[in-house]
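All remarks here apply to the structure that follows.
Should a chain be cited, it is by its letter among A, B, C and D, assigned in written order, with residues numbered from 1 in that chain.
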Amino acid sequence: MEVLLSVILGFMIIGAIYALHANDLLSAVIAQGIVGYGLVICFLHLKAPDLAIVQIVVETITLIIMVAVVLDSSRKEIKEKPGFKGTINIIAGLIFIGFLIYFFYMAINPLDTFGEHALRMSETYVEQGAQKTGAANLVTGVLWDFRGYDTLGEATILFTAALGILSVLRLKGKK
Amino acid sequence: MSTLVPLYVILPLATAFLIPIFGRLIKGFEKALLSLVLLFLTLLSVYILFNGIQEPIVYAVGGWEPVNDVPIGIHLVLDGLSVFILLITSLIGFLATFYAISYIKKYTAENNFYALLSLMIAGMNGVILTGDMFNLYVFLEIAVIASYALVAFGTEKQELEASFKYQILGGVASLFILFSIGMLYWKTQTLNMADISNILSGKDQDFFLLFTQVLLIAGFGLKAAMIPFHAWLPDAHSSAPSPISAMLSGVLIKAVGIYAILRLFFNLFMISYEISIVITVIGALSMVIGVFLAIGQWDLKRLLAYHSISQMGYVVIGVGMGMIIMVKGGNLSIASLAIAGGLFHLINHAVFKGLLFLNAGAIEYVTGTRNLKMLGGIAKDLPVTTSTSLGASLSISGIPPFNGFFSKLIIIIAAIKGQFYLLAILAVLVSIITLASFMKFQRYAFFNKKTFTRKVKEVPFTMCFSMIVLVILCLALSLLAIPGVREVVLTPAVDVIMRTTEYSSSIIGM
Amino acid sequence: MIVYIMCFLLFLVGLYGIVTRRNLIKIVISFTIMEFSVFLFLVLIGYIEGGEAPILTKNLPENVNFVDPLPQAMVLTAIVIGLATSAMLLAIAIRLYKKYGTFDIREIKNLKG
Amino acid sequence: MEGLTPIVKKVAQLMSGIIFVYGIYIVVHGHLTPGGAFAGGIILAGAFILLILAFGSEVIRLKKEETGSSITESLSILLTLILAIGGLFIGTKVFFNNYLPKGEVGELISAGLIPIYNILIGIEVAAAIITIFLALVIFKEEEEER
């Protein structure tokens, strides 16, 4: 299982790097789709069907909006010539990324490895979840009953985003 | 008492949801409703504060009792520290809303403004009250997304660009926080803060904790606009409408930034020597660099924004010194003095920085410009604005009768007692430079000889009312220095911090 | 262990994109890539070898252990937060494009004057 | 905004009905099968967006629809909050308490308040995404006119 996920993650990383370096904005947005739909496949393999559905639909809506934005503009990105200064940046970036990954590896080494995950708080969610909330889908049981306050906050975020976009996109801001 | 705890979040949320429906039908509905709600919340927090809080009130949302003493639901925790910060948010929130009643007439879509403001306050109250890590992230996002939209409310070029930069940096900080929540969940398999601190209290300071703490400092440091992460603050605060910059500078960076750092690094993690050094150094850097950046500014709001960074530096060195003394096991009375000084400066800064931004808004409302070079000689025509901004400038630069002096004095005394002589010297130096910078502001804005081109008349009543109330608070808060009054307001908050991690075992006991 | 490191690598690619890219849309894209890597990291933590999806269907064997539902609930909330944030970012990016005529940060900086 | 060719219009007409019914199924069966308020809500919004893209319409009608969806959005999340506050007065007197009877696990009417929350928040999410999409479309239309 871990090998399969690593392969998909490899493709996602390649897609991400292409998305950053693509000259045409439209192909950058499509490359971002690789990462999004790759995530859907990972969710399916990690036994998370709820997330797979939400991720597919959210990724489609984001792609629709992004393509609409990009098609409306000049699709060429202004390329600066990667002179000497560019290579210095890339080398410095790689060294920095190498250090961070080493620190991350040092941090997660003592923790339990992939697949062995002890339950503590979600022990009751799994055992008594159905009986306490009555929902067959445990994730919905956790979302709406054990942590319903979170999900109210979550719906408020969409409400805030809708209001925010309405107020940002109005034509005349000041009288 | 405990059934009142969720009101802090329910009422602003209910206002936000009612406004789009009734805002169009009843004229002025949203202004009255939000002001009343915030006034009620201010009185509620004053009542709870003076009623005295010894034991933290734990409110289990959804009524989920812990199963074999593992807490499963989300718990709201109200204790000395959170009531103190809630008082600041609702007080400054009420005054900013009242101020905005006539200020916002310059903008279109007033309903959206009030709905987003009530959502921002609901988010901040949610962050202050929560006892659950992921819930902290969700309500942090509500407060921050509402503030992104409010920064770009005027839809001018500069405001949109400032809001975009603020959103990207804020989003990266939120992802750092979510990443560290994932790491904490991986190690402790639970999201309840008290539970996490119980599990972590046994372990020693291994590399995992250091990595997570660095991520959290980066995340919340950016929300609190500490020095390495302050890039977004001057643009965001100077381009937002003035009542919003008063809320951002006075309250948001405190409730979402400083409060979260205090809660995590005192009550969640074991206080460790490296983290206390990092926090104090960041505080000192912000204090010094903030004021040097502020000297060369000619745009009024950018000057005030840079001063916010340096004043927050005072709060952070106060708290950082307390942490160092506690870690080294030094004299606890000095540590509590330093932390009391930090918290006292927190509320003082909320009051006088809010007032300064409201003054800047009044000047902009009347003259239409924020550039100090073009202002001058409007002291005679704007009596209220001039007097209130004089009071605020004196209190920010620490002149005796005003509250700024007392809180800076406490911090400097604690620094000298705790043998932090460098910090004491820096604090005095920065205070002098702040005085110089605000004298420049006063002279160019009000008392310069060359008069402003056209006749200006005084700002409407609602703006004057808020400014006058704030200047009275600037004087009233200096009473907090007297030990008698301080026992009621500051000491419960300081106790919560001083009791550090065994504070959480008392919550689990609930 | 390798999966977590690759997930963190994706996070760093996104961070690299935000720091170095000049184009607004590229910055929004790298921001969404960073988000995806954090979501994947959270779900990777909750995975249990041989566990079932946390849905109680009719024909389940007796003692089946489920995958941890808590990180899934967290990520479901975080995905919709990600949608809200990217929608806000794109709205402001369109507005900036209409005002400045370009998506490039350097040009916006010197046009700002 | 001008619509697309008649073939696309006909296909969109057929597709959006199916997508709409599928979205309702996902929302209503949220507590039984994977999916729920968020997934179903966005699918409902997708059906509506498909119609707008295919048929297009003038700005005035879009503006009316935008205010309509903004009001639906506030109404449905207000109802959710009222239901959650209802928990303060019924059952164990606590905010967000599931006070309706839980029923039998596999059934459609089973998880107390959860299906009602799912439906209300499904409507709210759909209305929010539609408001966002309409705001973007109206902005582009008005920008062209100027």
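FYI, a contact is a pair of C-beta atoms (placed from the backbone, for glycine too) under 8 Å apart; a residue touches a chain by one contact, two chains touch by 3 or more.
These numbers come from a predicted model, not from an experiment.
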Query - Contact-richer chain pair [A-B vs C-D] - result: A-B
Report summary line: Farthest CA centroid from subunit C: chain B
Query raised in the report: Which integer distance in Å separates the CA centroid of subunit A from that of subunit B?
Result: 30
Query raised in the report: Once you find the CA centre of subunit C and the CA centre of subunit D, what distance in Å lies between them?
Result: 23
Report summary line: Per the C-alpha means, the centres of subunit A and subunit C lie apart by a whole-Å value of 2
Report summary line: CA centroids of subunit B and subunit C: separation to the nearest Å works out as 29
Query raised in the report: Where does subunit B touch two or more other chains at once, residue-wise?
Result: 13, 17, 20, 61-62, 134, 138, 141, 145, 148-149, 152, 155, 160, 163, 186, 191
**Report entry** Per-residue multi-chain contacts in subunit D, two or more chains
**Finding:** 33-34, 38, 70, 73-74, 77, 81, 95-96, 98, 105-106, 125, 132, 135-136, 139-140
Requested in this report: Could you list which residues of subunit A touch at least two other chains?
Outcome: 49-50, 54, 58, 61, 65, 72, 104, 108, 117, 119, 121-122, 125, 130, 136-137, 139, 141, 143, 145, 147-152, 154, 156-161, 164-166, 168-169, 171
Query raised in the report: Draw the chains as dots and join the ones that touch; what shape do you get: line, ring, star, complete or other?
Result: complete
Requested in this report: Name, in rising order, each residue of subunit C that touches subunit D in their complex.
Outcome: 53, 55-56, 58, 76, 79-80, 87, 90-91, 94-95, 98
Query raised in the report: Within the complex, which stretch of subunit D touches subunit B?
Result: 70-71, 73-75, 77-78, 81, 85, 87-88, 91-98
**Report entry** subunit C-touching residues of subunit A, taken from the complex the two chains share
**Finding:** 1-2, 5-6, 9-10, 12-13, 16-17, 19-20, 25, 28-29, 31-32, 35-36, 39, 42-43, 46-51, 54-55, 58, 61-62, 65-66, 69-70, 72-74, 77-78, 80, 89, 93, 97, 100-101, 104-105, 108-109, 113-117, 119, 121-122, 125-126, 129-130, 136-139, 141-143, 147, 150-151, 154, 157-158, 160-161, 164-165, 168-169
Report task. Report the residues of subunit B in contact with subunit A in the complex, numbered from low to high. Result -> 13, 16-17, 20, 61-62, 64, 67, 70-74, 105-109, 112-113, 115-116, 119, 122, 126, 134-135, 138-139, 141-142, 145-146, 148-149, 152-156, 159-160, 163, 183, 186-192, 195, 206-208, 210-212
Query - Contact footprint of subunit A on subunit D as seen in their complex - result: 26, 30-39, 42-43, 45-46, 49, 66, 70, 73-74, 77, 80-81, 84, 95-96, 98, 102-106, 110-114, 117-118, 121, 124-125, 127-129, 131-133, 135-136, 138-140, 142, 146
